[in-house]
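Chain IDs A, B, C and D follow the sequence of writing; residue 1 opens each chain.
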Amino acid sequence: MKVKVKFFAFLRERVGTGEITKEINEGSTVADLWATLKKDYPKLAPVEMRLLYAVNRNYVNPDYALKESDEVVFVPPVSGG
Amino acid sequence: MKVKVKFFAFLRERVGTGEITKEINEGSTVADLWATLKKDYPKLAPVEMRLLYAVNRNYVNPDYALKESDEVVFVPPVSGG
Amino acid sequence: MFRVIREPIDLKELVTYVTDPSAGAIATFIGTTRNNNEGRRVIALDYEAYPEMAEKELARLGAEAKQRWNIQRMAIVHRIGPVQITEPSVIIAVSAAHRDDAFQACRFAIEEIKKSVPIWKKEVFEGGEVWIGTQSGQRLPRR
Amino acid sequence: MFRVIREPIDLKELVTYVTDPSAGAIATFIGTTRNNNEGRRVIALDYEAYPEMAEKELARLGAEAKQRWNIQRMAIVHRIGPVQITEPSVIIAVSAAHRDDAFQACRFAIEEIKKSVPIWKKEVFEGGEVWIGTQSGQRLPRR
């Protein structure tokens, strides 16, 4: 199945693009997807910061099971204000 | 000696004017002046509220000894803001 | 900037005044005339001041705030005369490097104004008028 | 009013939005770009957002504030893109019958923005640039 992944700020610069579509296995969690992306994008591998996970514009836990067409965002430490 | 007395707000309405000049004895305190004014203006007599005293634009204690030409204000409870 | 004026207060002017390159935060407080108080329907508030001393007291409390918190600039303007529903009677603006100082100094200023600055508020309500704070047993209104 | 915009933020618009006949107090907070941070000379801040979710989170925290305090109206506008020294990056305005609620809800909003709203700040300083909060061991800046 396919999901949409958006990258912002620090992660966008590391990945080099703001949005990709990614084919993943049924039953993949958000954490699984992040592990896969770290292999796809070597520049993500050293990222050690605490990330939050958002699916369809809501924060979710790392064990959230993804569904077809979900919009996934890995949220680096926010610093608005 | 003479002092200037200004009245504001509630007290101004009771006295009916915003400013008077008052002849007082040498050595009079602010508290003495207030006692005299209560006799001059019967409508001040029933005033029981806590007043602050200002002389020449500074708050003073009731036992402050007045001097010639002082500007005295009896300050009813403030309610700015 | 510590002033007592008769005209409407210009929020923009105060914020511009406190804007500073080394400030990351500006806190403002705007006191407005509310259409009700202690069950009465308020028509307007009418403020009176001992203006020379009021401005002096505003400046004094500004100086005290500067000693207590790490703030850049402060402005307080209080309006006198009639102030209609929704109109500002007082505006405070404070800039600081960090937000905590700006918030605390702004809060301090409005609390002090209500304690020590010679300004008085007459409430004109449906059926009468009253100098706030002068009635025996009456609390000062929270705002 | 909960918005993420690219243009300069109009303070007056927010204050007008929250103005209410039953409110006696309006508290506002303005976050501005400061010319220094942790010893660096800052040239500008450059903000990026996940805009749809950021607006949703702003509205969520506005709803939470309404549950926790007795407030009338709240507006939060965050700017994205480059924000020069002294320019506002965020403005919060809150109206309430009484000042304590307005101050507390305003403070709550800025603290929550810094915790949960997907907006990021790149600091452009003399000699480089950095996404604030991403460096190991780096604290989030107080503002």
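The rule we apply is simple: a contact is a pair of C-beta atoms (placed from the backbone, for glycine too) under 8 Å apart; a residue touches a chain by one contact, two chains touch by 3 or more.
Treat the numbers as computed from the prediction; the structure is a model and nothing was measured.
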### Task
Identify the chains adjacent to both chain A and chain D in the sense defined at the top.
none
### Query
So, what's the distance in Å between the C-alpha centres of chain D and chain C?
24
### Summary
Rounded to the nearest Å, the gap separating the Cα centres of chain A and chain C is 49
### Query
What are the residues of chain C that contact at least two other chains?
31, 110, 141, 143
### Task
May I ask you to sort the chain touch graph into line, ring, star, complete or other?
line
### Query
For this entry, which pairs of chains touch?
A-D, B-C, C-D
### Contacting residues of chain D [partner chain C, same complex]
11-12, 15, 19-36, 85-86, 95, 97-100, 102-103, 106-107, 110, 141-143
## Note on the structure
The chain B residues in contact with chain C across the complex are 6, 8-10, 12-13, 48-49, 54, 57, 59, 73, 75-81
#### Entry: chain C to chain B touching residues, read off their complex
31, 47-50, 52-54, 56, 78, 89-90, 110, 113-122, 131-134, 136, 140-141, 143
